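Both of the next two complexes hold chain A, though its partner changes from chain B to chain C.
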Partner chain A sequence: MTSVPTRPAAARAVPAGRPTAATPSGRVRPRLRALGRRAGSDRVLPYLLVAPAVLLVFALTVYPTVYVLQTSFTDRNLMRTVTRAVGFQNYADLATDELALRALGNTAVFLVGSLALILALGLALALALNEPVRGRTFFRSVVVLPWALTAVVVGVMWRWVLMPDIGIGNYLLAGLGVNISFFLDPRAALATMVVVEVWRSTGYGMVLMLAGLQGIDAALYEAARIDGAGFWRALRHITLPLLVPTLLVATILLSIRAVNLIDIPLVVTGGGPARLTETLGLYMWKESFAFHHIGYGSTVAIVMFAINLVLTVLYIRSLPRGGR
Partner chain B sequence: MARGPRRRRSPVLVHLLLAVFSAYSLFPLLWALVTSLKRPEDAVAYPPTWIPEPPTLANYADVLLRTAVPWQVLNTMVAAGLAAGIVVVASSLAGYGFARFEFRGKQVLLVSLLGCVMVSGATKVVPLYLMLHRAGLLNSLAGLGLVYAVEFLPISVWLMKSYVETIPVELDEAAAVDGSGRLRTFVRIVFPLSLPGVVAVALITFVRSAQEFIYAATFLTEPAVKTSPVGLYMFFTELGVEWGHLTAASLVVVLPIVLVFLLLQRWFVSGLTMGAVR
Partner chain C sequence: MSIRTRTSSPRAASAAAAAVSRRAVLRGATTTLGAMLASRKAPAQTAGPVTLTLLLWEHWKVVEGLQKNDPATVPRRRLWFYEIVKRFEGEHRDIKLQYQTANWNVATQTFIAASQAGNPPDLVGAQSQDNQPLANAGYVADLGQFKYGEWDDFNQAVLREACSVDGKIVSMPVYLTSTGLGYNKALLAQAGIKEPPRTWDDLIRAGKALTRDTRGTGRPNQWGFGCELSAASTPNPVSFTMPMIRSAGGSIVDKDGRGLMDTPEHRRLAKLLQDMYHEHRILAPESFTMKANDEVDLFGAKAWATGIVIHALLPPILEKMGKDAFGFAPYPTFPGNEPRSYSEVYGFLMSSRAAKDPRRGPAAFELLKAIGSVDALLLAAKYQFGAPSRRSALANPIYKSDPLLGYLADYTFKTAAPFPFIKEVGFYSETFIEALNLIVLQRQPVDETLRRQQARYEARLRR
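And now, the complex of A and B:
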């Protein structure tokens, strides 16, 4: 009984399938359509296939984003049951909130510092590991390893290395006649945060750029070599221009990460001394969950989201014209 | 096998760069290892000593037998494993759907999935807390695993889509000619052939979820469900905690993940790069 309706569909698929099997594999689309004609359920099936992933992501991303926007216009407090709408009051408060403005400045310093260092070091390491050097796999593992560690362990290890008085860091630096209070001087503390983030994320940047480098045609370098171009000229005229798309992806991913980072600032300095090294993420988290100001915290979160958006658009628009 | 400029300018310089950076990468880990093997009075001695003398495993015994750290490591594995499971199922199905079917709204869905990557955890942590609270999923490893899965799903779907696209469509056609339905073709042919992609997706989700801290610290407040990063943070911020214990606990926390990572790191790296290049 059930085979009766399917037979004509199957019969149609065979002639559609046979000739396409001989055509060059470039034209996938018509062939997919031919495949799709087999059963009537193919109209519904793709939606069923993508539904679990799409619905989960939308439910736990789009809805929260709308929710946080809505909450940012209220005085919602985790310790109170009554919530009032306050219009733009939170945004007005934020504009004159000295701690928040300082956090914004710290975030900018952290973003620029970590991004520049990770891109530069990541590129240098990727270039080095793109050569047939001995111990390549070992070095690659070692450089990426910190990326696999939890931020809390990163914090424990670095606080221990840089411990005042008894830390090995100052012991080694004392040999050079340097003494830095890594966590007491706000500027040194912020710099320490950058150094730790570079330690943790350079391997990630390196992996991204290594992938980009491996996509560049080796024949180009061969031609450049025949024309007498050295390493630096090949880097400037072949590698960097062709690496622009990869650099763009890396810059966007690393920037979003840097702007929104909470865990590294929390475990490295905790925002101290005296809340002077808080970043926007850490400030938002403390406002929301330490002081229960969910409404105000949401306002900070919305501002952070806007920064992500603006940065991404700026990066994409800064691409050299005609390049892509 | 694309290489950089054929003639390596200076192998010495290349090796120097790699050696210096590797030392920087490994130093804090090695110093934690050295400290964890010292007796309490030696750990805080100044000037510090490079070799623990005599070396002792007492710190590890204390951490493993007298603290909740082993249980917290187990909790971490449960949440991260659940996330990896959800991601594998949902992203391979969606990857197949996006790679092998033409349907209305496909491009819009693909692009908006990618747009979701821009909504960071910092933006979502407050509403997710309230949503989990309402759903009764605070202090639940299942709730945490679900949130982790969603965090890695967009990239995983894209990754699986590009992986399935590398599998010749002739194989689907041959199966169709043999009378196999689309779902059976997926189970019998496409899924097994996309296993390298599946492993990469699972591994990234597992390793990154197992180290996550902010969601875990916000959503888990009861001691019984705390994951290891949260437990370690409590330990870390305790007054008068001994550095020998803290470094030993840190290494216990990272050891399972580092082992998984080192054993499967080729997949991890290929996954990261596959996700990035497009």
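And now, the complex of A and C:
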């Protein structure tokens, strides 16, 4: 077996007239020490380069998370000057809190509904706009446009469109003989929130999947076509298996957004009617900032963090071993 | 720098020199650190301008105009504040003003967060219901510590109930506004209604005539009555229904600050709203989905023919509909009851930190005096239909120059009461609004729902 040089020969060659690394007596010359220092710095340099990013992550993510965890074991209230440690009392209260459990149920409905629709529509649009159709760039931009809008703007817009008396959407539907109380019936209100989120985030899902589709070798489709596979068989046996890593990333990102969601429910329904459309994120926000119970709100935040963590681990573990 | 030491040998001398050198460095560093800490504790009393920071509501839209000296960018109804601040700046060249803004429903939280971080704004604008918790938590100062001889001129009920905590004045009130029944004059005339309804029975009769499907879609789009009852506009539904409870002889709070919702008056209110929605079909569904201040658009779009409105919204409503198209009547009552109102008392508070500063405290109080001055009230009357919070202002001819303004000033003085202090007010409001939503939209039984919600609120108080 031949040995493989680790550095190019030119790089290893010592320039003419320059001192060699060691004298015949074996004593290390200063230049070699410099080289040693450089090698040492080569070991240190990567750490120095990533240090700012690591420090930022610690300052902006790890420290706040630990702080929230610590706060969740207290009765901290912004309107009180004394804070006491309460152990697991907040967690025990949360486990029996009817409103929190309802918010958890709403979050689950929102998560499943929005995730399924965004992934399905995003994939369909990605497949369509991956083809060399006319005006492809224009259509891609149009689909992505809602994602570029702030969620609050999207929420306000849809709220105005669907308002019972003066909303243009309701007016047009009433003209067709369809009367839906979008925000008065809690089930319709929850479904409306899902639709608003799907409208906003489908473009994002499409972009992720488009990137995944473009990474699939066209030769595979060509071979499948020669073997007589049609669109559906190619989708099932080539596209979907090779798109699994992309789908996983999209699923994790969209799930985290759905679990943490505050903006859409806050703007579209405010949690109403009768607090029946509150999600965990909105519940946490209300406890922390409307009722000033930072300790209890932190407990809800930790539970949301745990849900995200468990979901992410489940998604990753659900992949076939080769796909991880 | 060479350091002389007594040594027995050169090596020992070198070691000693190094040791002394380290000691000297440590001593120097300690001295420097001590000096830095001391300078933090006692800031140098330097001459020169004082800079004050004000936290204002974002929707006032005054900051850009104040910073650029451009009143054209300020909404007309906020010009009273612009003019008072500019006048103050002209008279106090040594006081510089900086501004922060926050959304109205998180302004208090923003102030609290800044207070906890040790850097609160010097002055903050807030609604009266926030005063007590802010004072109890020690975030705001007792304004009584500053020399001021005009407190007696203020409406004492407002000063006592809305601006004081445990007998200490913590908020400088500005103008007052009150709730009443707003109505579209043209729609009432079309329906043959000559006078705005005074009682709930009148209102139900009028509401039936006013509720109409003008688009022919099979669903009314013009409603006889509307009122903020939405979770999205918390806590307004509490303050907007409070006059109904008060005029019937009830209260929304007991003497210990415990919020009430399971009372005979609350049951009567809930039943009335339920009937208005299901039996009489005059209560606008938008009432349960709207956000604060949507009244402007709902009246403007003729979706509401009548509705409960706070008179602070009159300027934009009149701007949209025309001055003669909109009327403001007393809050309806049950037969035999006197009308009552809720008065929004907006005031400015000083942070405890600013009050402790020997220069910023008095400077901030100078600004508070300007904001609470009679001149400010007269400007608020001119631009905002603001009712006066001071007796000496009430006598001013400006309130007689416009019948609506005069009526509002008189009505507010006679009928209005500020939002009382309620323990866990946020949770109380949400729980009460939830009850109304369940009773009206889901037709849940009145007595049982109010009892359950009251119990839930009290469980929270115990927690």
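Everything that follows uses one rule, which is that the second predicted complex is superposed on the first by the 274 of 324 C-alpha atoms of A that agree within 3 Å, B and C clash if a C-alpha of one lies under 4 Å from a C-alpha of the other, contacts with A are read in each partner's own complex, and residues count from 1 in each chain.
In this section, contacts are C-beta pairs under 8 Å (C-beta built on N, C-alpha and C of every residue); 3 or more make two chains touch, one makes a residue touch a chain.
Please read all numbers here as calculations on a predicted model, not as lab measurements.
Asker: Looking at the superposed three-chain arrangement on chain A, would you call chain B and chain C a clash or a fit?
Answerer: Aligned on chain A, chain C clashes with chain B.
Asker: Return the chain, chain B or chain C, that is in touch with more residues of chain A.
Answerer: If we count touched residues of chain A for both partners, the winner is B.
Asker: Check the residue A:Pro132 against both partner chains and state whether it touches chain B (first), chain C (second), both, or neither.
Answerer: In the superposition, A:Pro132 touches chain B alone.
Asker: Would you check which partner chain A:Phe289 touches, where first means chain B only, second means chain C only, and both and neither mean what they say?
Answerer: both
Asker: Quick check on the superposed pair: does A:Tyr171 touch chain B, chain C, both, or neither? Answer first, second, both or neither.
Answerer: In the superposition, A:Tyr171 contacts both chain B and chain C.
Asker: Based on the superposition described at the top, state which of 293-301, 437-445 or 455-463 belonging to chain C clashes with chain B.
Answerer: Clashing stretch of chain C against chain B: 293-301.
Asker: Using the superposition on A, tell me which residues of chain A are in contact with chain B and, in the other complex, with chain C.
Answerer: In the superposed arrangement, which is not itself an observed complex, chain A uses residues 165-166, 171, 289 for both chain B and chain C.
Asker: List the residues on chain C that touch chain A in their complex, please.
Answerer: Chain C residues touching chain A: 105-106, 109, 112-113, 116, 133-134, 136-138, 215, 217-219, 221, 223, 230-234, 284-286, 288-291, 297-298, 301, 303, 424, 426-427, 430, 433-434, 437-438, 441-442, 463.
Asker: Under the definition above, what is the set of chain A residues touching chain C in their complex?
Answerer: Within the complex, chain A contacts chain C at residues 78-81, 93, 159, 163-166, 171, 174-175, 177, 179, 181, 183-184, 269-275, 286, 289-292.
Asker: Which part of chain B faces chain A closely enough to touch in the complex?
Answerer: Checking each residue of chain B against chain A gives 1-9, 11, 14-15, 17-18, 21-22, 24-29, 31-32, 35, 44-48, 86, 89-91, 93-94, 96-98, 100-103, 106, 109, 112-113, 116-131, 146-147, 149-150, 153-154, 157, 168-170, 172-173, 176-177, 179, 181-183, 207, 210-214, 218, 228-230, 232-233, 236, 243, 246-247, 250, 253-254, 257-258, 261-262, 265, 268-269, 272-274, 276-277.
Asker: Spell out the residues on chain A that touch chain B in their complex, using ranges where they run on.
Answerer: 10, 13-14, 17, 20-21, 25, 28-29, 31-33, 35-36, 38-39, 41-43, 45-50, 52-54, 56-58, 60-65, 67-68, 71, 121, 124-125, 127-135, 139-146, 148-158, 160-161, 165-166, 168, 171, 199, 202-204, 207-208, 210-218, 221-222, 224-225, 230-231, 234-235, 239, 246, 249-250, 253, 256-257, 259-263, 266-267, 280-281, 284-285, 288-289, 294, 297-298, 301-302, 304-305, 308-309, 312
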